[in-house]
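When the chains are written out, they are named A, B and C in that same order, and each has its own residue count from 1.
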Amino acid sequence: MIFKDFNKEFFILIFNRFIGLIKINSKNLAKFLGLKAVRLLILLIVIAAISFIMIQLSPIDPVRAYLGQRIVSEEQLAIMGQYWGTNLSLGERVMGWLQTLASGSMGFSLIFRVPVTEVIVQKFTASLTLMVVSWVLSAIVGFGLGVLAGAKEGTWIDKAIKTYSYILQSSPTFWIGLVLLMLFSVYLGWFPIGLSVPIGQLSDTVTFWQWLYRLILPAVTLSIVGIASLTMYTRDKLISVKKSDYFLFAQARGESFWGIIKNHGIRNILLPAISIQFMSFNELFGGTILVEQVFAYPGIGQATVAAGLRSDVPLLLGIVIISTIFVFCGNLIADIIYKYVDPRLRGEEDE
Amino acid sequence: MGKLLEVNNLSISFTQYVQGLQRHYLKVISDLTLDIGESEIVAVLGSSGSGKSLLAHSILGILPYNSHVTGEIKFKGETLTQETKEKIRGREICLIPQSVNFLDPLMKVSQQAVGECKDDEERKEKQIRQREVFSKYGLDESVDDLYPFELSGGMARKVLLSTALLNDPDLLIADEPTPGLDVKSVEETIQDIRNLKENGKGVLLITHEIDVALKTADRIAIFYSGYVIEINKVENFVNSKNLLHPYSRALVDALPKNGFKLTKGVQPLEEVPGCPYYENCPIRLDKCQNNKPELIKHGDAMIRCFNFDEDIPADSEAVVSEESDVIVSEDLVSEELVSEESDVIVSEDLVSEELVSEESEDVVVEEILEVEEVNDES
Amino acid sequence: MSEAPGYNKGLFSSMNLRQKTLLTIGLTGLILLAIFISGWMINANLPTDFSIKMQAPSLAHPFGTDWMGRDMFIRTIKGLSLSIVIGIGASIISSIIATILAFVASVNKWFDEFVSWLIDLFASIPHILLIMMISIALGKGAFGVIMAVAFSHWVNLTRVLRSEVLQINTSEYVALSNRLGRSKLWIAKEHILPLVLSQIFVGTLLVFPHAIMHEASVTFLGFGLSPHEPAIGIILSESMSYLAMGAWWLAFFPGLALLIVVLLFDIIGDNLKRLLDPGEANN
């Protein structure tokens, strides 16, 4: 109800900003994106090289990892060694790996026995649903709670929300997952206990409801954890708006408290809050790995753990690269919102 | 004539935490008494950052939570409570803030001027009114869609003024309306505020610029170290000798046209047991060190100084009696001043000449205009 | 930021904020020390007694017992003290990295650019993934985990210190020292380090909770401490096999204990920060 006419008017503003951004700043934006793309490229090359070197330095032997328990002759081992490049110098191997990457291939997954790209596309799609759902959920709830706590600063509502966020910030994601699993799956029996769907099962073999059913607990876990930092951020931001001169003036002009929170408070903290939420892709990905492990959700997180534990080097490296791009995109969007949607900064950019 | 606003014995203090989380009390305004009538402009003149803005905030009921307030504020004879303040602010009492920072940076100015509305009907009415007032101050329709950061200095000032006038209030509080403006804009602002008076409105002008106060106000209250030490008519500020308090005189003497006599010394930051001006005062008495003078009526003016205390026995101390003699005669003179000016001024000058020469021996020169002070933001 | 829950209540209302803050720091420190010392004194090889295996919490075993009849309370305390050791190691190393990088950044524009770029680089890989990679590269185990956590947690403190050092560097007395011909190293040691020391200290404390949590997380995933170590992460990943049987206590209490330890460290860090920088307390 508070948000009723706020929504209409403010989202038109944001929309106009985006249009304006495309119209006025298309040149600036193109330059900005171009620079960012170069940055990403350099970043990816360095990360690819570093993670490759790290794996090479580790005790993992790709030949052994590939062969698993099979017994082979010395000659075959030598051929395999040549294939994996164990007889080359580190520098040559890094260059070789980067060349392969440049050609668009990430190699062959040892566990899944299909190209890494294929595994990543399939697993990432499954995880993306989980991530998007929990991301949106935690954005809405986190922002709402933050506004409530900030507006009611010092009251018991604020203290309760603050305590809740404080505790959640200190709780390990996977433990929250375990507790929810125990409560809703084991004790109440509402949801299946993990591993009810085999890891290898393809997403098209399960029905939509089965899929949704499996999605609820992991998504809730992931959002519960994601709420905390956004709530604290929103709360602090709103409190600083409450101390601003324009808040004071709005009060002096006789506007009602909630009217000011709606008209001036939310207006001024929404963009930064959205930015912050986009910048949380890093934690989101990390949380996904843990949550998928607890709930046996067959996504990119489980694939990561499997690749790491079973020394599937190509897949692990592929995931590092893809997750870097993912995090980078989040930060990029946050940057764009910050730089281009705010009329003040945009104005500076125009000059 | 009934008073529009009366402030009686208002004190404002804050609790603060400093390094190591030691608790610290900060008294910003002490025992402030002041009134404003209809069609009257009263200026509160004090150094920047001395906390005089808090007077405005207190009248509007927008002080921060960690403040403690005592005293009473009456508006149209009615004592204001937090509830009544909330009811009349923005309607009968409006604030003209000092800068564009008081506008929401992400909202178009017309939208802000209109403010909160109950329904679309009210909004439409207010929009028409907003357009009227804006036009009156020469803001054309292109201004409506600007964001605050896009306004030029002069435009911003007009927007702030129009915004305050939208609801046709009886009392306006102008809090430092002229910081960093060019000479022309300052003149315009002064004229605008004088016009408000012509329209029957009362204005409380809070400023640290003595020029602005002199050109605008009918009466000026001098704010020193949290205390109002003198309230006097603006005419009496033409010549420092017409003023009562030694600080007010030093202040006027410091004006360029009066020879730019600067007085040294700083306003005490800490609460002192006696008169806040004791350290710098040329006519101090022994009792001033440990006793606080009250703000008392003295003719048309109000003064916070023991030298004007009627109760002081004439022969209590040699210096005092001499001083008070002078003062009394001066007072008589100024009483006559109103009726026949030129003649008396000579005698007054003579009288004050004595006073001044006596003073100048230990002239406590004071940096008046821009003393870094307890900041009122905290 | 946030304050400890239950702050202005009852018994403590007569105390001022400073006393309360000091008391909070003292008490939380004491609890953590007690956990640490008692964990240290517990023999790693806990007695196994299959006659009391998988028992729900009782007075004799407040956290219950596991599949080998080991007391979960003792296992948890032992695990927590191990977590604290790893947390201490990782946060100290990460603070050293942060301090060095902050000073490197202050040398000149190029170094500053390089450090910023390094920060960007490390902030671009998901934390857990980074820790996994480093831990794998170093062959897992305690050493691997400490280094992995240390190398992924220096970013925030470096950011803070970098801007702080930058600010001090532009101050007048540093300019004066420069004119007097003091070497950069001398200035860093005599002028800058003493000023940022408290920040480094608080920064180290604030890394602590993250370090402990991330250690538990990677160990849980199987990339940290080896399964025969008495770590919380191991206990929790073990508990997954018994969840379906309803042995909730195996996961609930150890995790809760971990949460409390992390919270305690958070409280100490925040309170110290407020003591040194009272800006927040005025709110």
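Throughout what follows, a residue touches a chain if its C-beta (ideal position, glycine included) is under 8 Å from a C-beta of that chain, and two chains touch if they have at least 3 such contacts.
What you see is a predicted model, and the numbers here were worked out from it, not measured in a lab.
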**OP:** Count the C-beta pairs in contact for every pair of chains, then give the pair with the highest total.
**Re:** A-C
**OP:** Give the label of the chain whose average Cα location is farthest from that of subunit A.
**Re:** B
Subject >> subunit A and subunit C: spacing of chain centres that average the CA atoms, whole Å >> reply: 23
Original post:
When the C-alpha atoms of subunit B and subunit C are each averaged to a single point, how far apart are the two points in Å?
Top reply: 54
Original post:
Just how far, in Å, is the C-alpha centre of subunit B from the one of subunit A?
Top reply: 56
**OP:** Please give the residue numbers of subunit A that touch subunit C in the complex, ascending.
**Re:** 39, 43, 46-47, 51, 54-55, 57-60, 153, 159, 162-163, 165-167, 169-175, 178-179, 181-182, 186-187, 193-194, 232, 236, 239, 282-283, 285-286, 289-290, 293-294, 304-305, 308-309, 316, 319-320, 323-324, 327-328, 331
Subject >> Contact set on subunit A toward subunit B in their complex >> reply: 13, 154, 243-246, 248-256, 259-260, 263-264, 267-268, 342-344, 347
Original post:
Mind pulling up the subunit C residues that touch subunit A in the complex?
Top reply: 1-3, 5, 120-121, 123-129, 132-134, 136-139, 209, 213, 216-217, 220-223, 236, 239-240, 243-244, 246, 248, 251-252, 255, 258-259, 262-263, 266, 283
Original post:
What part of subunit B is in contact with subunit A in the complex they form?
Top reply: 57, 60, 62, 64-65, 86-91, 94-95, 97, 99, 101-107, 115-116, 147, 149-150, 163
